[in-house]
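Look for chain A in each of the two complexes below; its partner is chain B in the first and chain C in the second.
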Partner chain A sequence: MIIASQIAVLPIITPLILAPITLLLPKGRASWAWATLVSWLTFAACSFVLKEVAQTGVISYHLGDWAPPLGIEYRIDLANALVLFLVSGIAAVVFPFAYRSVQLEIDERQTPYFYGALLICLTGLLGVTVTGDAFNVFVFLEISSLSTYALIAMGARRDRRALTAAFNYLVMGTIGATFFVIGIGLLYQATGTLNMADLHDRLVGQDNRMVQAGFAFIVVGIGLKLAMFPLHLWLPNAYTYAPSAVTAFLAATATKVAVYVLIRFFYSIFGFDFAFMNAAFTYVLLPLGIAGMFVASLVAIFQEDVKRMLAYSSVAQIGYMLLGLSFASAAGLTATLVHMFNHALMKGALFMAVACVVFRCGSHSVQAFAGLSKRMPYTTWAFILSGLSLIGVPLTVGFISKWYLLQAAFDAGHWYAGFLIVASSLIALIYIGRIAELMLLREPASEGKYVIAAKDAPLSMLIPMWALVAANIYFGVRTELTAGLAEQAAATLMAFAGGGA
Partner chain B sequence: MISAGLAIPLALAVPIIGCLLIWLADKSPNLREGVTLVTGGILLFLVITVFAAVSDGGRPEYHFIDVIDGLPIAFKAEPLGAMFALIASGLWLVNSVYSIGYMRGGNESHQTRFYMSFAVAISAAMGVAFAANLFTLFIFYEVLTLSTFPLVTHKGNADARRGGRVYLGVLMATSIGLLLPAIVWTYAITGTTEFVPGGIMSAHADAVGPLAGVLLGLYAFGVGKAALMPAHPWLPNAMVAPTPVSAFLHAVAVVKAGVFSILKIAIYVFGIDFLHETGASMPFMWIAAGSILLASAIAMNKDNLKARLAFSTVSQLSYVTLGAMLATSMGVMGGAMQIAAHALGKMTLFMCAGAVYVAHHKTLISEMRGLGRVMPFTFGAFFIGAMSIIGLPPMAGSWPKFFLMLGAADAGQLAIIAALIISSILNVIYLLSIPVQAFYMNPAEDGEKATGAKGAGIKWGALKEAPILCIAPPIATALGGFLLFFFADPLYNFLTPLIGVG
Partner chain C sequence: MERLILKVTTKILFAPIILFALYVQFHGDYGPGGGFQAGVIFAVAFILHAFCFGLDETKKALPQKALIVAMVIGLMFYAGTGVATMLLGGNLLGYDAIDPASTHHAGQHYGILLVEWGVGVTVASTMLTIFYHFTGREPDIDQEDW
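Moving on to the complex of A and B:
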């Protein structure tokens, strides 16, 4: 019974308390096994939360029994339950996957720190998602960011450029966090509260310079975190030089959580009464989303490094999510939530496939992929299937995303946006098709540094990767869990924010 | 005996099971080809079951799953789809026999992958044929594109890569860039993607309004497989594939899936009456007519036999589009019959082209002079197939031309009739000249290249025909085209529900 009443806090304290134990364990296998176990426990807790929320509605949990608005409240509705499920699910897949990849890419002495940091990062992301307190968001955001900086820097063993990438991200990330906390400070000044629901109540009718400035600071701060074009400059290097498993984890979770935070601030704190928000939708999110979709996609075509290519593709995909948001409709919000979930599945699988190539071939350069289908068929097909998902081919999750986005665009009367969405997908066809052609139709290198043995990645990597690929297809056909819940979540958020359907 | 409702999902599943068995039989070519043929036989049987049920007035259906609320993957057989499925499954069996002869005769590599891709593609074609809504149609349309990509790039060399890039690029760009938005737009306007006799647009005429033309344009060019100019470049570029693949693309499944979709959208989404009243289809009627003439003109200049046939296909496909866009019942009938007649005719021509390649490695028409005297059966079949494509009686191809002219007359478009006549004349020139040269002209006087026989008359003692498996199938389809001429009436009656409602 005790567990049942404490359920909302389980996803946080499980990894938070168990992570430091990783540091005490022997290097290598033991710390990995422990971290994996913790990630699975966390996933179990999050699944349980999702089930509870879906059945009984919003869970409100008062931390330390201090009642809000003074105490910290964890408030879980369908929207963040879905994100919790997604983030912990990706973690539960990435941790087992990481073992062999980390063995190759990271100094064995560092492994306890690595797995510990990864668990802390997971904790931070889950904390951001679960909390109903604006300042608490900042705290958890920093927990996840600080560990991320360390994780990216650990890529330095293979490529020293990881250090500058991590440092750049640290500078940009800190600026973002500072902006965010300044915004929170301004809102606090205006309202005297930090609890989200309370903020919403007290902001009603306030449309003064201070609140507007707070809003602007928060949007820019989160914009940096979620790599909103043109605040994305930290992302390509960070993703490229981080250890492969870290990239797979971050690409599938970190930006998604930031998008969630943006949604939460827009819909649960400001709401549609706040006139400034509509302007933000029309004049900030819509043009920046579209610009990101095209500029980043076009840049992706010309990359000579597959990880960097996928990183730019991520920036473009975030453009879709912002575009969905900018329609300011339930359909648009649904599309954003669905794409958030679906994009995590496809990008996770794609980066895992790259990690497999790095494992056998030691490189993520485009040339390393030549003739891969003859050497690593399972990896090749995982890459191709998730690539098709990225393009938006039917029977994959990418198609479901595109369908909802298009529908939202036509419903909102933005028919031109509908055509921009598909046009941008076609750019994805070019950069994915280029790699697919290399893998399928070229002969493998017979000399030089890209020669690899005809051997696929080990099973400990293939199984998690294919689990994600299978999810790409499963959720492309059965959408009750993703689109069904997202639709309900969007309807609740819209109703709360006071917008029309 | 299985029910027709069950036969539909089985028709999709059987080729997939066949595909897996082919994979397992990788090491034993005879077993592998046996699997292909048995799969083809079972599939044909299943489709005939459905066809018979539809012919009796039934509309067997099968609901698979709801992907999104209100968007199910569902199947429902109606006359047009049943006819397309019958043609595709029947010709696939013929094509498989031919493939065995061709691939073994040419010692091609990666044969297991080849047969596996074929099996997936035919399953997708069945999905297109029986789709109950636009959503399902789109899914299988894309599966068909992707599953034929390994076939087009089969040779794996630089040419194949380039051809494959254009093939996939054009088909995906049109389908994702135009067809998908068109479908979602239709869904946003009407709230459904169901195929309904009489169309779903007329009930929402106010909402559609002037958009009807735009939407129809998105569909007409979005279905890139229908190769309406300028969405045609994938077809000539796909010529890099082995000939059985070309036959599959041009006759069995791919282009037929395209024009089938166009007809289906015109009849069941817009409704012929709606198109007729709004006049939305008029611009596309002229584009189709232009496509017919222009592609024929380009075909005249091609010396490569397969390239000439490819442009001939582009031209012939636009007959179907034209039939749909005429927005008259006779036009629709002509378009539907053209699907059947062209399939048989073009199948014959391609298989003959492949037989010439297998036996003599000739691809240029100018090198085939005199070849008819050593390959009389092949060029005989080619002659019959060409007659059908041109539309000369007593070949099946004459009926669709006849109905299309009736349809054009109904619509009061005399210029369209003129275009049809001119096109037939162009066809006579560029198709019949091939067997005529092969039978009557002497080979060029440059020693080595000349494999054809000189002088007059067929040298019965010195025949150099392709393997029997490469000759029998084209002769069979040529005869099929001849027989279909006399069975036009049952086909007409079978298809009347299409125009009965409209």
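Moving on to the complex of A and C:
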């Protein structure tokens, strides 16, 4: 059976070979329909991979029949299967959602390029996740980044500032990628291999300057990509001025994949034998994570633009993930993986709600949200429910994340971190509450530029958005898939890295 | 006739540049070269043509639309070779599956030839697209073009 033996490569090859066809299709509906179909096929492939990995364990696939460590290996364990499932799932929801939003925000002549670039971006993100080769990570990272720059710049039709946002991101992202590849180069110099498992074997006992420098370059490079505070400066503008559908997709996937890469490098390559890593946890990730949680959340409160507010909130949420990582325990790693998954669900839904508002009111300014519940009740409640999830209210995924984080914090003996997590969640309550108050209690503007049509968003946008909101609640009640798999994945990673549970 | 010497020189050089591109393309198996370099050299022939005869003339010879089709075909050639090896029972890009009975790795030669051809076509058309866009750029972009 061909499919069974080739399963590991299907999530990559499906979008990669089918994406270019988008460019040849007629503009508008046809290219959208094709891209949506491809995203669904990819999601099916990724779900299949997750099921397969959960049942039979690690899949190793040798590209071109060249055996590792010489050849490129795709190595899928539970951690990357979960990320694959997440990224392709978000894509499968965002593509159908995008149609109306893109119709409004992007020149119809550009739609084939837009959907093509979005599919290539998806390919890159999945490729980063699936590969077991350190250099291959860089290649796929660049594939996804380059298409991301183009996608963000396409927001220029609505707001020219998208061009500077994209250019800023291009500069920062390229510096990040350069640092990352320098780091890999140093590791290659030290070990003579690029395969992750082989790197791990050969780095044992090596604690010299070169490996330390390589480690530092990689952490800073990936830190730029994942918007680790204070390397997040590209993110708010990029998210604010990108087309709405692109923001929803990127916010839910791009930074998550970068967090995954960080985890993979920490646990599968360096491991706990590498003394420098523990220093990085204690003196870099812990303080920066906490600083990000507070500074970015506080900045979010004062934003006059809802997209920008949510972008800062994303930086804060990444702080939680880094905090979970910094505990260097299985519980902390589980919390990070769970929050990675859950945050994608909530931010995806929130940015989709903003996209719906942009669709009807043409603005993502705070004023546009005044009195929204009377005009767009479904969008309002989607925003509020996923906002509650962001705060961490029970019965939503946000609660599960916070629960695991708190547990990990107390287990690790960082009781103060537990209080800080709760405190920063209260800040999230302020900025989400501010928008909720506007939507529920204010009267809609009766004149001026924020007068909105008394109609909710079209069904093609509401259904995908509510699917994500439903996922927010479903995975908040049933945690076998997310927390269960994350726990197993974390246990495997910890065991490999040689740390005590 | 204006710039007669330039035009004649360009016409003389055009075919050898393409020929050299093809040489680099097919020699990539055994020596330095390959699809990337060949694609760039191939594009250079047309860029020289555009310098001498003007962009409009070059676009008549090789329209933008054809370049997009070429880009797609090139990428599909690459990925398609990979999928073909999968269907033949190997892994993705496992060229030995093309000719498994061969004792001197004939499959590897065919495989890399096909893949490099895809790379060459894509690189050449992408280079030319970038060139067309830079040189064909109007001083300020029309509002409708965003």
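Heads up, the rule we're going with is that the second predicted complex is superposed on the first by the 501 of 501 C-alpha atoms of A that agree within 3 Å, B and C clash if a C-alpha of one lies under 4 Å from a C-alpha of the other, contacts with A are read in each partner's own complex, and residues count from 1 in each chain.
By our rule, a contact is a pair of C-beta atoms (placed from the backbone, for glycine too) under 8 Å apart; a residue touches a chain by one contact, two chains touch by 3 or more.
All values reported here derive from a predicted model rather than from experimental measurement.
Trainee: Is A:P69 contacted by the first partner chain B, the second partner chain C, both or neither?
Mentor: Neither chain B nor chain C is touched by A:P69.
Trainee: One more residue to check, A:R478. First (chain B), second (chain C), both or neither?
Mentor: first
Trainee: Which holds for A:F419: it touches chain B only (first), chain C only (second), both, or neither?
Mentor: It touches chain B, and chain C stays clear.
Trainee: For A:G176 in the superposed arrangement: first (chain B), second (chain C), both or neither?
Mentor: In the superposition, A:G176 touches no partner, neither chain B nor chain C.
Trainee: Between chain B (first) and chain C (second), which does A:W403 come into contact with in this model arrangement: first, second, both, or neither?
Mentor: Once the two structures are laid over each other on A, A:W403 reaches chain B alone.
Trainee: Report for A:R157: first if it touches chain B alone, second if chain C alone, otherwise both or neither.
Mentor: A:R157 sits against chain C, while chain B stays out of touch.
Trainee: Counting only touches as set out at the top, which of chain B and chain C does A:P96 meet: first, second, both, neither?
Mentor: neither
Trainee: More residues of chain A in touch with chain C or with chain B?
Mentor: The larger set of chain A residues in touch belongs to B.
Trainee: Let me test your reading of the model: by the given contact rule, A:D411 touches which partner, first (chain B), second (chain C), both or neither?
Mentor: first
Trainee: Does any part of chain A touch chain B in one structure and chain C in the other, and if so which residues?
Mentor: In chain A, nothing is touched by chain B and also by chain C.
Trainee: In their complex, what parts of chain A are in touch with chain B?
Mentor: Residue positions touching the partner: 388, 391-395, 400, 402-403, 406-407, 410-411, 415, 418-419, 422-423, 425-426, 429, 433, 437, 440-441, 476-479, 483-484.
Trainee: What residues on chain A touch chain C, complex-wise?
Mentor: 2, 6, 9, 13, 16-17, 20-21, 23-24, 61-65, 107, 156-157
Trainee: In the complex, go through chain B and note every residue touching chain A.
Mentor: Touch list, chain B to chain A: 65, 67-69, 71, 73, 138-139, 142-143, 146, 150, 153, 156, 160-161, 164-165, 168-169, 172-173, 176-178, 180-181, 184-185, 187-188.
Trainee: If you look only at chain C, which of its residues touch chain A in the complex?
Mentor: Contacts found on chain C: 68-69, 71-72, 75-76, 79-80, 82-83, 86-87, 89-97, 144-146.
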